[in-house]
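Data block below; observations after.
Which chain is which? They are A, B and C, in the order written, and residues in each are numbered from 1.
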Amino acid sequence: MEDLTQIILGHPFFAGLDPEYGRIVCGCARNVRFEAGDYLFRAHAPANELYLLRHGRVALEVTAPERGTLTFQTLGAGEIVGLSWLIPPYRFSYDARALELVRAIAMDAACLRAKCEADHDLGYEMMKRFTPVLLRRLQATRLQILDVYGPHG
Amino acid sequence: MPTDADQLLAVTLDGLSGLIAALIRRGYRVAGPTVRDGIIGYDEIASLEDLPRGWSDEQRGGHYRLVRRDDEALFGYAVGPHSWKRYLHPPLLQLWRARRNGDATALESDPRPRERFAFIGVRSCELHAIAIQDEVFLRGRHADPHYRARRDGAVLIAVNCAVAGGTCFCASMKTGPRATAGFDIALTELITDEGHLFLAASGTDIGRELLAQTPHRNATPEQAATAEKIVDRTAQRMGRQMRSDDLHDLLLRNLDHPRWSEVADRCLSCGNCTMVCPTCFCTAVEDSSDLTGAEVSRSRRWDSCFSVDFSYLHGGSVRQSVRSRYRQWMTHKLATWHDQFGSSGCVGCGRCITWCPVGIDITEEVRAIRESGHS
Amino acid sequence: MADDPMLPRVARVRRRRRDGPQVWTLETEPEGGSLAAFAAGQFNMLTAFGVGEVPISVSGDPAEPGRLLHTIRAVGPVSTALTRLEAGAALGIRGPFGAGWPMSEAAGRDVVIVAGGLGLAPLRPALYRLLAERPRYGRIVLLYGTRGPEEILFRREIESWRRRLDIDIEVTVDHATAAWHGHVGVVTTLLARAGFDPHQALALVCGPEIMMRFAAAALGEAGVADEAIWLAVERNMKCGIGHCGHCQLGPVLVCRDGPVFRYDRLRTLLPVKEM
C-alpha cells in the first residue's frame, strides 16, 4: 500500500499532492497492466475508472462504418486516460486501446467521487488538477479542427 | 554641398531658358511641370513655354482645380498628381525577357534607360521623397539596377515653394518648403518691380557648372532677403498641420482603434493615395509569354496595398478588410517606415488628401487617433 | 547584367521526387555554376517561365551547395507548374535571400526543432548542419507534426535519423487510422514529454502560423524564454529583396529581415488581426 501511495504521488497528475490526500486517494487505486491491443475501456461503457499512465501508449479511437477505426489522440506515460469519470452520466465516449504494453494506476471512479464529495478540499484539489487537463485537450482539439496543415496551412 | 546666401545668383527668364536649352544640348531628357488634362503634371519639356506660366492650383480634400494667377509666375502652384517617381521608378517596367532556342533558354535584362534625366521644378518635399526612395532601392543589401540607372546622373533643379497648397503640410514633416539638400540647383522665383527673376543656389559640382554657364548676376542682399521672406510666408500658410514626433508609437499602440473602422466606411480602397504618393514604392510582377512560349518576359508595375491581392497567401489574403488595408497604408507611411528604412515615409505633400475621391485626410485621421486613442 | 538581383539564372531540373500528396522535391542545377552558398533557412525565388515566380525555402544540405533542393507543395499556378517540371526542364532561380536559422547561437545548447507539415522543409538544412557538427550541441530533439501519416515529409530520412542515438525524434499526426502506430495529437503535446533543458535550449519552429503561435506558447510554458525561440514566417513576396513591399508584417519586411525571426520580435504582431 505504501508503495502504491509513492507511485501515485510520483505521477505528474498528482505531483505535489499533500501526502495525507495521497493516502486517501490511494484507497481507490490499484495497479493494472494491459497488453498491446487490449482495451482499457470501450465507448459507452460506464466510466468506472480513471487511469494514470505509467508506461506505454494508449490510443483513443472512434469507429465509423465507412472509415474504419480512427485514432484522434494518443496518450503516454505521465498522462491520464478516462476523463469521463467525474462528469455525469459517467460513460466513456471513445475506445481506449493499448498500443503497446501499458502499465497504469486505475482509480475507482465511484470511490474517488465519494471521497471528493465527503471532503470538498480534496475535491477542489482534484478539480485544480483535472481542469487544466481538460483545457489542454480542448485546445489541442481546436487545433486539430482548424486543420492547420491543410491547403490553407 | 549646401551653398550659402552670398553665392546666390540672380538669373533672368532668358537665363532659365538658356539653362533648359543647355541641358537638352548636353543630352538630358528634361522633364518639368506642364499643363495638360486640367492638371499641372510632369512631362518632357522643350522650353520655358511648356511650363505652367500664370497658373496655380486650388486644392482641398478630394478637390483639385487649376486657377489663373494674376501674374506670370512659372512655379506659382503647389504640386499636382504626378511625382518624379514616374521617371525614376516607372509605373511599368520590363525586368527581363527570355528566349527559348531549341533546348537553350537565355535571359536578358536591360536596366539602362536611353537618356539621363534633368528635372525642373522639384519641390523640397519631392527632394525628400526621392531621398526616401533612394533609401529603399539603393541603400539596402540589394540595389535595384533599374532605379540606379535612372537615378544616377539625374540633375535635380529644385524650386522653393512660393505657394502653400491647401493640403500641404511639409512644414510639419520638416521636409519643406525650403530646399535644403539633395538638389543640384535650387531656385526661388521672384516677381518684383525689378522684374521676373530666379535666385539660384547650387548644391553640387554639376549645379555650379551649369549655373556658371548660365547668364547671371550676383543676387543682392535685398533680393536674398525677399526670397527668404517668400519661403517663410509659405511655411506659415500651410493648408494642413500634423504633429509628427510621436507618430510611430502612437499608431502602433492603436492598431485596434475604432477609427480604422470609421475611415474604412469612407475609404473606397481605390489606391489613388498610393499612386499619387511620391514615396509609395510597392510593385507587383507579371509574367507573360507569346503564344508559342518561345519568348517570355516579366514586368513590374506599381501595386497598391489597397488591393486585396496584395497580401495574398495561398488560400486567402492576409488583409481582407478595408479597415486593415487603410491601417496598413497609414501605419506604414507614418510609423513602420521608420523601422524599415530609418525615416518617415510621409513628406507632407498633401497629394493623398487632394486626390482621395472622398477626401480622406491623413492629418485628420492622425488627429482623431491622437485625441481618443491610447497615448 | 550580372548584379541584377531581379534577374533569375536559368537552372535545370536534375531530379524530381514525390515527398507527399502534391509535394515534390526538385533537385536543380543552375546553368553556369552554383548560386552563392546558402545558409539554413534561406530561400530562393523560383520561376516557372511564363507563369510566375514564388519564394521557396532551400530544403537541402548547406554543405552541398551543388545539390540544390527545394521542396514545393502545389497550391497555386506557379507552384503547381514547378512541381510538374520533369528532369531536364528549365526554371529560373535567384537567391539565396533572407536571414536563416541562428545556427551560431545553437552551439553548446540543447536544440528543439518543432516542425509542422511542410515546415520541416526549411528546417531540414538546419538538421543537416546540427547532425554534421553533432558534438558542438547538447541534446537535439525533433518534434514533427503533420495532418496524417501520408503527409510526413522525408520519411526515409527521418527513419535513418531515428537509428542514430544522438537525436530524439517524435512524429505525431492530427488524424490517423488504426494502422498508424505512432502518436496522434497536435505537435505541441509532444513538448511536455520531450527531454531537453528549457533554460538553455534553443527552439527552431516552422509550420503554419497558428501552429507556430501555439508552439511558441507551449515552449514558453515549458520554460523556454521568448528570446530563445525562433520561427520562420511566410508572406506574399514578389521580389525577395525588400523592394516590392508585399511581405510587410508591421515593422518588418519578411524577405529582408526574416523569414526567420526571434519570437520576441513578432510576439505582439502575430496575433493582430489582418496585420
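Following the convention adopted for this analysis, a contact is a pair of C-beta atoms (placed from the backbone, for glycine too) under 8 Å apart; a residue touches a chain by one contact, two chains touch by 3 or more.
Here the structure is a predicted model, which means the values were calculated and not measured.
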Chain separated most widely from chain B, comparing mean CA positions: A
Chain with minimal offset from the mean of all protein Cα atoms: C
Centre-of-Cα separation between chain C and chain A, whole angstrom: 36
Whole-Å separation of chain centres (CA-atom averages), chain B against chain C: 40
CA centroid of chain A to CA centroid of chain B, Å: 67
Residues within chain A bordering two or more other chains: 151-152
Interface hub residues of chain C, defined as touching at least two other chains: 75
Numbers and ranges of chain B residues touching at least 2 other chains: 314-315
Touching residues (chain side chain B, partner chain C) in the complex: 95-96, 98, 100, 105-107, 109-111, 136-137, 140-146, 252, 255-256, 281-285, 287-289, 293, 296, 298, 300, 303, 305, 310-315, 318-321, 323-324, 328, 331-332, 335-336, 339-340
Chain C to chain A touching residues, read off their complex: 75, 116-118, 145-147, 151, 172, 174-178, 180-186, 188-189, 192-193, 207-208, 210-211, 214
List of chain A residues in touch with chain C within their complex: 57, 59-61, 67-78, 99, 136, 139-140, 143-144, 146-153
Chain B-facing residues of chain C, complex: 1, 3-10, 47, 49-53, 75-76, 79, 90, 92, 234-236, 238-239, 241-246, 248, 250-253, 256, 272-275
